[in-house]
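Before we start, here is the structure in question, set down as structure tokens.
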Amino acid sequence: MENIQFIIIIFFSPLIQGIIKKLKANFQGRVGSSIFQPYYDLMRLFKKEMVVSHVTSWIFRVAPYIVFVSTTMAAIMVPVITTKSTYSITGDIIVLIYVFAIGKFFMALAALDAGTAFGGEGSSREMMVSILVEPMIMLCIFTTAIAAGSTNLAVIAEQHNTILTPSHMLAFFAFMIAIVADTGRIPVDNPDTHLELTMIHEGMLLEYSGRYLALMEWAHYMKQMLLFTIVVDMFFPLGIAYNGGMSEIAVSFAAYGIKMIFLACVMSIVESTRAKLRVFELPSLLGGSFALAVLSLLTLIMIGR
Amino acid sequence: MTSMYIYYFGLLLFIAGAIIPLIYPQKMKRFAYIFPTVGACAFAAFGMYLLFDHPLDISAVSITPLLGFVFRGDAISGFFILLISILTFSVSVYSMGYTKNMANKGVMGVLFNTFILSMYAVILSGNVITFLISWETMSIISYLLVTFDREEESASAGLLYAIMTHVGTAFILTAFLLLYKYTGHMDFAGIKEATNDIPAGIKTIVFVFAVIGFGTKAGIVPLHTWLPRAHPAAPSNISSLMSGVMIKTGIYGILRIVVDILGVGPEWWGIAIIVIGAMSAVLGILYALTENDMKRFLAYSSIENIGIILLGIGASMVLASNGLHTLSAIAMTAGLYHTLNHTLFKGLLFLGAGSVVHATHSKNMEEMGGLIKLMPYTAFFFLIGSVSICALPLFNGFVSEWLTFQALLFDFKSASAVAKLIAPMSGAALAFTGAMAIACFVKVFGISFLGMPRSQHAENAKETSTSMLAGMGFLSLFCLLTGIFPGHTIKLFSSSVFLLTGADYSSSGMGILSMREISSSISPLSLFIVMISLFIAAVFLVRIFGGKRKITYGNSWDSGIPSLTSRMQYTATAFTNPIRVTFKKIYLSKRHTKVSYALKPYFAKAIEYRDDITPFFEKYIYQPVTDFIHSLAGKVKHLQSGDLHLYLGYILATLILLLIFWS
Amino acid sequence: MEKSFDLSLVNDFISVGILLTAIALNTLERLESCVKAYTYNSWLLFLLILVPAVTTNNPHLYVAASLTLATKGIVIPLFLRKIVYQQKLVHQVQPYISNLLSLTLSGILITIVYASLSKGISVTGFSNHALKISIAVILIGLLIMITRRKAITMVVGLLFMENGLFLTGFSLTSGMPVIIELGILFDVLMCVIILGVFIIQIRHKFYSVDLDKSTTIHDQLTTLKG
Amino acid sequence: MSGILLLLFIPIITAILCYSSYNRREIEYINLIGAAIMAIVSIFVISASLSAPIFFFLGMFFIDALSAYILSIVIIVSVAVAIYSVNYMGREFENRLINVKEIRHFYALLHLFIFTMLLAVVSNNIAIFWMAIESTTIVSSLLVGFDKDKASVEASWKYIILCTVSLIFGLLGIFIIYYASSTVLVGDGTLNWTELREIAHDMPPETLKLAFLFILVGYGAKAGFAPIHNWLPDAYSQAPTPVSALLTGALSKCAFLGIIRFAILGNECLGVSYCGNLLMLFGLVSMGVASAFILVQHNFKRLLAYSSIEHIGIMAIGMGIGGFWGIYGSLLHMLNHAIVKPLLFFTVGEVKSKYHTTLIDKVKGAMFVLPVTSTIMLLAALAITGTPPFSIFLSEFTILKAAVDAGNWVTFSLFIIFAAIIFAGFLRNFGSMVFGKPNIDHDGQEKKEIVKKRNKMGLGIIVVMAVIMLVLGLHIPGFLDEILKSSVKIIAGE
């Protein structure tokens, strides 16, 4: 059981996306599509035929698989409902960040491969955002890791005593902003638009169609859910199972579900209450959250909690 | 004893390689690179022997009763010998093809071999005078190589390089003579024996001077200005050697003098090194991003990587001065591991850049594009290099950066709050450089290898010769192996780590790298296996569920305009624009936009856009100093006004002064 | 005993005279008078050698005295006069600095010499002042060379220095033959030099450039010869 | 004894023969043969004198290890110059710049000049030494003014005036020394250096101080200490290149020998610090002034002249620091400088006769025009600035070590700073000459001309000296070490 918990991420990630969409629609006073819509989209895309530019090279064809695989790999390394997993030796949370980076790297390359302006624009903006986000994420991780005395996510998750210390609260806020930026949501990026001037993530996928697009999108959903999971593990591990016992797993599964839905709500609230920022106003936003992260570290040093 | 035979064998080969092309420049030119290929293997074996912790007094020749050449090898030198040998091997293989139709091959062959020899000499020298002589010899030969094409700009680049490295040597000389003054020894072993006699203040001065002197060679910020000008000026096989191993001799010097000889110092030494490292890493990569000259770009990225290496070393120094020796061993491992990695992938990347420049006759990325179709193998190897240097998992860069992160986290265990704060902050800096590196290499690979050819040259580019590909392939293989077998790699140089930190970092298993101290581990090998199997599975499953794939090929999406030309692609400058704008405080960038109208203000004929960044250190530090010295010299010049009476006046004045003050 | 006393007194008088001729040089306007001053200076020198020659009739000293008179007292002055009249030079000295200033400067030089030699050498017996005076004369000669524009005045200054040197030798050793011979040899050298100088002068006439203000080669600009 | 007489007479005879011949080739051969014989004889003389000093002419002349060492330097440079002159003057002749008559004058004066220097080196009587130096001034001034254009005549005029004036002070110093000696040995004093040395410690110190000051000014100007160096750049830059090489390689060493001799007397009487400090002061000032002039310089011959001033300064610093290694380094530096600087002058001479200019920014891309020569020129330029693995580095390092041993950090740091500035100046100027696109028409001219015998000789001597420069940088042969050690003994006392 504990060794296949990543299946949860793979199969429930579209659902989370669906939930967020639904909630957003409701906030905007629409009925919105069903929460299972992402599943239908993926199905359709898998069936569809593909149009590929003849400018592209093998990078373009391999990229979707690499993105998908790297995200799955990340999913494997994360303790979802139980911290007891044989995969946890394969890597800690820093590795996790770098595994995400693989996907980012190849997606950006693939965007440049078709030689269109949109792809270039998308990847260059994506790069800017990730440059601003990476140090912030790393600082938040450091704060929690130092407090837990390990960078191993399972170990961090097992530290109950680190819940809700001041440093963790600050780190949590910073991390949430990082997630907003990294999953390409308002105010950083608008996932629902294809307006050239604003899009970042969509710009990179513009040349993709059919199953490649499906893989990319799915990977994106997974990444989103993964980031939520990491937040949960780092900041509210409460209720997570320490071993493969059925009852505990059931409990922690329920807890996990609740946490996920909660975070989805947070996301949708943020998205519906905020307006998208200009690209060149992002640095101020992300810089602010970086300051939060530094602050959390300082508090950890000063008051030691 | 056999090791000595191996050593002399290798020496002989290099000397032969140096002499033969001098005699027969034309027909024997191949031997100038075949000999070093073999010699490198011999020296690699020798280095391994030293690495198995057999310190060895090689030879001692006396110059005068005062001075003598002393060559000695221990585990530390063994490690660097190994690095040089690995890179030398592949670069000489590469050079066979690269130098095929180059002007003055003979001279090239001579300089190539002597350059490598001088680097070996630096690493193996066992006393002050030997070190200085081989050090400066290395500098001179590299100067001659930088100015090899005898053009004006490479001459000026070489001049800057020579002057800066000479000043650096002055600092090193002073540091050495200080050590000599207070220990009474000229050879490193003796100095190390008597190192306790040195007063703390002097130790600090020596530390500072050594860091400045060796840092100049290593290219730490702000002593880096020569590097991005000199490395691109040299022929590419040489740039590969310079960036791959020559700047590492600076690291070697710091390790030898500061860590090995001076031993454990106050904590702020380590913190200073960490800060320098973080600064070099961040600024190096920031400047790299804006470069559109491929080789210059790689040179800047070398500065960044030197910074990362120093982060590891500094962390280890901090831990050592807190008495945490096992942890300091891990940190040192991180530093040395990254040294090894940088040698591999930066060498590889420079060779790749060399092939590209060789094929397209241009260093400017804006004139490349679409090369992945024309030179597939080169592109593939370059991609591997890029992935490794971006520290993406499965390749070697990742392992060392992970270790560096851990090392910086350990520094939180140190006593002082400064270290507690500095270490994680520089960790954040490291994360920043990681992300920047990804941006940089996406730009380089994407702009120059992907998309459509952006110039005539790029369209008729051809795949390079087999020997050049072989040279690159060898390095790429190493990048992968050291990436997925960190355990073995670390065992390889654990002896030198032990020599440097007095502790040992025993990592468990072959593919796994675990840290009991923080119950955390990575296992690149399993990552590798799992990801490969996942990849196959993914492809397979998509086949099953997606059914038969139907692909229609068409143009890229062109928003309805008739056809998309290569000039409509995103340029390198445009790609970096958001980041340049974000960090304009650092770049001090000035943008000029010039619009020329056919009919003002509606029909713009052409829009010219330029965005220059101000090289801060050149403009605000180096320029004023040089100007000051020049103006001073200009004033002194009036002494020689040409008037005989004045000259006689000098004589009288001198005499009077002497009479007044000295009699 | 009292003889030597009176002797040293005489020597003092003569050497003071030598100094006076040197000082006078500072104020002279015309080249001819400069040459005259040199002539007097040399004759005084001759007297200075003559006195010990008479008292201790030492053949060496007689020879020296006569040689001095011949070269310094007669040949060189005549030669100089010839030059002065031959070349249609302006017969003004044309100093760089005012006579007053150069007088004060030479005064300062004399004081410096006296100060610095006071604790140094003290020659007893021969003369108490001759040594200091001689060095002072040398320095004044140099001062003349510095402050006077014309090449010929430079030569005059050189000759004054050389006389002063002779005086030094003589006063230090109270006329030891070795030194005398040295002095004579130096005279010969001097003549050679002067000849060389004037050969050069003539060469420069060929270039129609006045040597004394020619500063062709210096480091403020690039040199002409390239 | 007879050997030494022979050695002294060979140059005179050569000079006379050169003057009496009217055929260019013949003159050249006489010159070469004379130089060769001189070299051979000198070997015997020097080897003989190493065991014990040789006196002759009632002790007025002698050779001890020190003068033997300087003698060997003079001989080496003279032979090199004699060989190179054939190349240089031959080209001048072929370019119709000079005629046979002037060639006669040149070689005659050249060997006369060599003679005067030999005389100076072997003289024990300080007065004779002084006179020899003075006569070098006269002879060499004629050589400096050799190509009789305005600038060179002016240079020789300044040279002769300045050196004569300063030498007057030298003679003054000699008189005072004589007086001092006469106070010790009642009645008749002495002028023989060896005797002076025996009685030096009894001499009145104040007197000796005074004497040393005058000597320092007298010979210092000749050797080229700043700020009394002003004749030197003009003379070096205007003289024909071989003469410049001889001036810097040999003459400055002879003048410096004079200073050393008197410094020895001074040390005997006043202790090492007095003369030492003075020498160090002059050395540092010379280095500083030279560094400024080298950094901003338009004329490469003047550049080399200033570098000679710098190196005299370095020798003075070494002497001033004293101690075994200081003196050792200073003496070693004499030899190294006497090899490298003439080498530089030779290579620069080649460039000059190819580009017909001495202005740095009028020379571009020499590497293409004269591949071998300009490569060696670049290396020599690096060597002269004290870059390993060339010889000068060893001596400078020795001097620096001596400074550190003496704890003289001020001198040490000033030395390092000036050296760095000079390195920058040298590399900038020579780099701009060597690299870039050639601004004269060329097609491997060196290769084309190499067939001519003269050029072979010129190139040959350049290559040989370059090899010596490198070898001395990596190893100091035993006999050299011996002679250096015994010279140091003479200077520092047992």
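First chain written, first letter: the chains are A, B, C and D, and each begins at residue 1.
Quick note on the criterion: a residue touches a chain if its C-beta (ideal position, glycine included) is under 8 Å from a C-beta of that chain, and two chains touch if they have at least 3 such contacts.
Since the model is a prediction, treat every value here as computed from it, not as a measurement.
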item	value
Most widely separated chain from chain A, with each centre as the mean of CA atoms	C
C-D or A-B, whichever has more C-beta pairs in contact	A-B
Distance between the centres, which are taken as Cα means, of chain D and chain A, whole angstrom	78
For chain C paired with chain D, centre-to-centre distance based on mean C-alpha positions, whole Å	32
Chain centre separation in whole Å, for chain B relative to chain A (CA means)	35
Euclidean distance of C-alpha centroids - chain B vs chain C, Å	70
Residues of chain C touching at least two other chains	116, 120, 142, 145, 216-217, 219
Contacts with 2+ other chains: residues of chain D	157, 161, 165, 169, 206, 209-210, 233, 293
Multi-partner residues of chain B (each touching 2 or more other chains)	637, 639-640, 644, 648, 651, 655, 659, 663
Touching pairs - complete list by chain label	A-B, B-C, B-D, C-D
In the complex with chain A, residue positions of chain B that touch it	369-370, 372-373, 387, 390-393, 398, 401-402, 405-406, 409, 412, 417, 420-421, 424-425, 427-432, 434-436, 438-439, 441-443, 445-447, 450-452, 512, 514, 518-523, 526-527, 530-531, 534-535, 538-539, 542, 545-547, 549-558, 564, 566, 568-570, 574-579, 581-582
Chain D-facing residues of chain C, complex	116-117, 119-121, 123, 135, 138, 142, 145, 154, 158, 161-162, 165, 168-169, 172-173, 176, 178-179, 182, 185-186, 189, 192-193, 196-197, 200, 203-204, 207, 209, 211, 214, 216-217, 219, 221-226
Interfacial residue positions of chain C with respect to chain B in the complex	96, 109, 112-113, 116, 120, 139, 142-143, 145-147, 149, 212, 215-220
Chain B contact footprint on chain D (complex, rising order)	157-158, 161-162, 165-166, 169, 206, 209-210, 213-214, 216-217, 221, 227-228, 230-231, 233, 274, 278, 289, 291-293, 295-296, 325, 328, 365, 367-368, 382, 387-389, 393-394, 397-398, 400-401, 404-405, 407, 412-413, 416, 419-421, 423-424, 427-428, 431-432, 434-437, 473-476, 481
Of chain B, residues touching chain D in the complex	61, 63-67, 129, 132-137, 140, 147, 150-152, 154-156, 158-159, 162-163, 166-167, 170, 173-174, 177-178, 180-181, 629-630, 632-634, 636-637, 639-640, 644, 646-648, 650-651, 653-655, 658-659, 662-663
